[in-house]
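These are the structures in question, set out in turn.
Same chain, two partners: chain A is paired with chain B first, then with chain C.
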Partner chain A sequence: MGPHAQAAGAPISDSPTSEAATVVEVAGVDCSFGRVRALDGLSLRVLQGTVVGIVGPNGAGKTTLIDVICGLIRPDRGTVRVLGQDVAVNASAVRAQIGVLPQETALYDEVTALQNLRFAAALYGIPRPNARITEVLELVGLNSRRKDVVRGFSGGMKRRLAIARALLHDPQLLILDEPTVGVDVEARHQIWAHVRSLRAVGRTFVLTTNYLDEAEALCDRVAILRAGKLIAEDTPAALEARTGRCLELECWHEGAARIYERLRRHSGVLRAEIVDFGLRLYLAVDVSPEDIVHEARAVCSIEGFRTRSPDLAEVFRALTAASAPS
Partner chain B sequence: MIGRIWGMARNDLAVWLRSPAAIAASLLPALGMGVLVAVLTNSVGQQPVALVVRGHGRFAQRMARIIQGDRDAYLLEKMTSADAERALGDQRVAAIIVIPENFDEALGSGDAAVDVYLNNVNIDLADDIRRSVTRSVAEFDAPQLGLLGELHGPARGVLLPNPYRVAIAEHDLRDTNVSFLQYQVIPIVVLIVISIGLLGTALLTARDFERGTAKMLVISPGGRLPLVIGRLVGGTLITFALITPLVALGFLTRYIPYCAEESEAPRWLTLVLSGPCGWRLPVPSWTHGLALIGLLTAVTLTTVGLGTLLGVALRDARLVTMTALNGAAYMFFLGGGFTTVPFLPDWIQIVSRLVPTRYAIDGLRQALFYPDLIGFGRDILVLSACAVSSVMLASLKLTRAWRRR
Partner chain C sequence: MSSLRVFKASAALELAQLRGNRAFVVLTALAAVSFLAMVSLFGLTGAYAPVALIDLDGGPYAKRLVEALLGAHHSFALKSMSPDEARTALYSGRLVGIITIPAGFSADVENGTTVALDVRIDNVNVDLTNDVQRALPAAIVAFGRRHQFPGVRVQMVEHDVIPHDTGYIPYLVVSALALDAMVIAGILGAMATAREFEYGTVKLLRLSPASQAVMLAGKLAVSAAVAASALAVTLVAIVFVYGVVPVAPWTTAFTLLACVAIFTCLGAWIGALLKRTLAAVPLLFGLAMPFYIDSGALEPTRFDGEVIWRIAHLSPVYYAVGVLEWAFHGLRVTPEPIYLNLLVLLAIAVASAALTLGRLSKGVAR
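Moving on, here comes the complex of A and B:
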């Protein structure tokens, strides 16, 4: 079974919160802009209390998927239900229960953090919002800067303020569109800490990211998109297992080419690539690395070898390469 | 719904008031135009002229006092002959008026003359000086036909028998009490309203697209209509927040005069019209006060709608700024900003019928200067129609633009 068939509409049986309610259910959604098909038969479920990461190259359809979930774009085909409500039928009620951190942060730089949050409170109809504003500013560590103009904030502080705004109306679902893009490492880890603490109290997250380490660090499940299609959706560990164990051989370049020619049709080798130190092979789980090393030594001299689990970046490359249009 | 509308409007006002560059961009061209009008008015209306009084007799001194009293025509400076010749040579004065040493003696023999030395190629400016000297001489000979007669009318000024065979019987249909500068302040007020309304709303709308806040707005529950109304209310508040103190200052300094005769309006209306400094002003006429507020509201709504359309169409702060300021300048000129429309060439008169500024300037002059409000009905009707269509079109376009982003 290929990864696409496995992901689309498949039950999420191995989640630690499999008994939890479904918060987002996207079923068979198609969405086109002119000739460009932004989403192509996409299905996805997000369970309560989980963090689901949407990863994919630029133009894969990540932001379109978020817009569809928020009811900003009506799909050509398929249904989207959020917290049990059809987004197409009751978009306004759905939006009242979603907190969104847009990719651009979308803050008013000219006014203070407090004024930004007061405006958001007015938009969401929060009566007497001062206590709640203080609460969310405390949560993201910006209460002492509440009267400062946002223009003077760093990128990380702006992101944290935008998270505070997304939390202001106490939504059940938080959607973060590339939450750490353009921020430094420290701010990135602060944002991760906020996401983890909120997940711990039962919030549900859908986040898009281009950073696979972020998806690996934060997400219970990762959905990989390419050209509007969901090509895989699973836990990070399961996705890594699907790519196979990684075997790296150290040898001369000519030798690496000869081993590559010999092993690339081997049934136990899922993928092979020549790298600067020699050769990198991804092996099926039932293949012994020692057997492969033995076969390689028959071709040329091997200076050393090691095995390790692939990271999510390698999984992503493997899956997107496999599904790339020929 | 009301909370969302007010929230949006209040946020727009807060953002705008914290945008000093944008405020400067909208105010400076209009204020610069105001300074230009004031300087041109002064330089065209009053010439720097040197007065040399060589005669020491009683009549020579009286002639000098009459010339010095004519402040409408000259920027007069009394000088010695040498200084005056030097100033004329350096082109620091346009003319020298000399009252000769033997003025009193010559007057007895009917040969008295005031010498005028002109150093000006411009026929209009030279004629202004000629007419003013003639007026001073006429006042010397027959005060009822001189400056006093001009200011107070012949009936009250006739103290002496008319030395001429023909008198001038002037019938003023309205008080001629508005100076050219006061007359020209009105288009500047309109230009400021246009610049702020157009640029303010256009910038707020364009920036929403640039920084992604448009997405945040439409993601919020409750639909787009309250937000669109809030944007239009916000643009109106921005315009009023900046124009009210300027108009109040205009009232206080008397650069903007208004009809106050036989007024029965209460003091609070004066305060509404001119702010806390209104206690120093005469009470305005009810009808004219309401006409002024109605007209400014209609112009503001028209420009706020147009600004929203501009912001939706361009979605770029720099493009919006350039286009809004140029648009405001064209609306100013085509609406008769520099002079009265009927004095302009035919083709401009035809074009100006399509420009709301024309009706705004005409209407404001009616509301402020003329006691009878003739023609005001047409002006307010056209402007109200412009305001309604501009606001409706802007609402429609903004709603659609936010849907598509």
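Moving on, here comes the complex of A and C:
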């Protein structure tokens, strides 16, 4: 674990100010593969020193967006600027300044961790590679395994080694494509700790994930994609506020159905769903939960109720359901 | 960014990966020697056809007929046997045929009487029957001409196109080198690129700011070096075991290295195209035999008919055999000039390298 590592689960502090430089600027990007429109008029800004999460269902266009930012795919329309450079004009120079963790880790299994990193060091022209390799291996806690063949590594170790490789040339921007997919809980928290420690020293991250708790734990801002379109982009807290405060009512199933019928057209109720314990309601910010509970009690007996903020999973469900193509 | 450093790092990585696949590499290299053995066996098949000779006459004309028979077809291994011994051997599959010189043969010849030679043939394969059918009349004509028997009015006067003869096995072993170059260098080249797709590391190469051409060159240099080592072992066996010495050693070495480089590039393209080692290896083995047979490996393809000759032009082995037979034995086995064969091979290498780069960097903006 590196010197900047924080405990897993620690909240991110020192959010960047709006004066921070723009590291990635995607403007009006369209990208199609045959008849499939992978990205549809997508625009996104990533500020320096932030962690931006890109979430969305499978096929939403997350990896395509990453590939467009890296210059691996030319968009049909729109522009992409990374660290002030137009990717279409100078993709090679852009790639020299970004570190990428591909979804499939892209490690040479039959050689050692050290040989993998030496090769990467040569590709990026890193001076004094041995010292830097030791530094990044220390950071991800793999220095003692440097001479081991990668084939024998666990999924989590491979991910950490791939992160070390992405860090090797000290890039300003790190792009992580599903960094914790297929790794166990401990390895996942280790990877989160690395991201937090690097973000604390000013690195910028763009990461894709299918895990909303990961996005919630790591990201300053979250961009939600569906069918190639950006349907929402904000801080996790703002996205949660957009979904509304959550009120959960405990009651019998028949009672829940009756309350649902009564309240679903209520102007202060943004969404309602019948669940196994009763009813879940998402309320507009100007509505008092007590008033809603009072109205519900007029319909049937309520055994208990609680209010809470919605989590990102609920936000995601709400937003993607609302924008689902008919 | 230093191209030399990228080249060296790519080569070092490829070498490390091949070390991790030692058994596969050793077995692939052994294939080089096994191909040599294969073509040698091919050349030897039918070259030693045991034929029993029963001389019931024992006179001077009978002895001269035997001499004529020995000179008529190099593949006959004549053995003197008793009639019973020969019959047993023929019907137990140990003889191709029995030629019986009857008693009184010399006297009958002396008297000008036509003599019937009894020939029994194991016609299990018509090729052997044809050999006997060709050899015996030739031997009889040679015998008659030697003794100036009346009625023999024509004799062959041979003028060779090439000042030296080349034995069939020495001719074949050169084509084994071309086959080796295709299979060994092709497989190693295919492995170098197919693995990048199998491990997903092609994305790393695509994301890197370094030149993909230099990376590819570094990897393929090691593949070619390993293939060249396997061919060197085969070449040593040809020179020191078979006793076949190239007429132009340096030219031979250069053309062999060129063939290795060319087939490495071709293999790299096949690997990048199929993206799987397991698919590339059987394809290369599968292509090798038809390419080999239709390459002038057994005899100049031009002699096999117009259609086969035209098809041969699709095979890179055709051009490789053309340049290698020239370098090894000073032979021209293709109607096309040597420089044209070399140019075609060079074009195949350049096109393969360009197509491989295209596959590796597909979709990458530079």
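By definition in this document, the second predicted complex is superposed on the first by the 308 of 326 C-alpha atoms of A that agree within 3 Å, B and C clash if a C-alpha of one lies under 4 Å from a C-alpha of the other, contacts with A are read in each partner's own complex, and residues count from 1 in each chain.
By definition in this document, a contact is a pair of C-beta atoms (placed from the backbone, for glycine too) under 8 Å apart; a residue touches a chain by one contact, two chains touch by 3 or more.
This one's a predicted model, so the numbers in the text were calculated from it and none came from an experiment.
Asker: If chain A is used to align the two complexes, do chain B and chain C fit next to each other or clash?
Answerer: clash
Asker: After superposing on the shared chain, does chain C or chain B touch more chain A residues?
Answerer: It is C that touches the greater number of chain A residues.
Asker: Regarding the shared-chain residue A:Cys300, is it in contact with chain B (first), chain C (second), both, or neither?
Answerer: Touch partners of A:Cys300: none, neither chain B nor chain C.
Asker: Thinking of the overlay built on chain A, is A:Ala88 touched by chain B (first), by chain C (second), by both, or by neither?
Answerer: Touch partner of A:Ala88: chain C, not chain B.
Asker: Applying the stated clash rule to the superposed structures, which of 113-121, 131-139, 149-157 or 275-283 from chain C runs into chain B?
Answerer: So the stretch of chain C colliding with chain B after superposition is 275-283.
Asker: After overlaying the two complexes on chain A, where does the chain B footprint on chain A coincide with the chain C footprint?
Answerer: On chain A, the overlap between the chain B and chain C contacts is residues 70, 72, 92-93, 95-96, 100, 102, 104-111, 115, 118-125, 149.
Asker: Provide the residue numbers of chain C that touch chain A in the complex, in ascending order.
Answerer: For this pair, the touching residues of chain C are 1-2, 5-6, 8-10, 12-13, 16-17, 20-21, 199-210, 215, 363-366.
Asker: Which residues of chain A touch chain B in their complex?
Answerer: Against chain B, chain A makes touches at 70, 72, 92-93, 95-96, 98, 100, 102-111, 115, 118-125, 149.
Asker: Provide the residue numbers of chain A that touch chain C in the complex, in ascending order.
Answerer: 67, 70-74, 87-88, 91-93, 95-96, 100, 102, 104-112, 115, 118-125, 149, 165
Asker: Given the complex with chain A, which residues does chain B contribute to the contact?
Answerer: Touch residues, chain B against chain A: 3-4, 6-8, 10-11, 14-15, 18-19, 211-213, 215-223, 227, 405.
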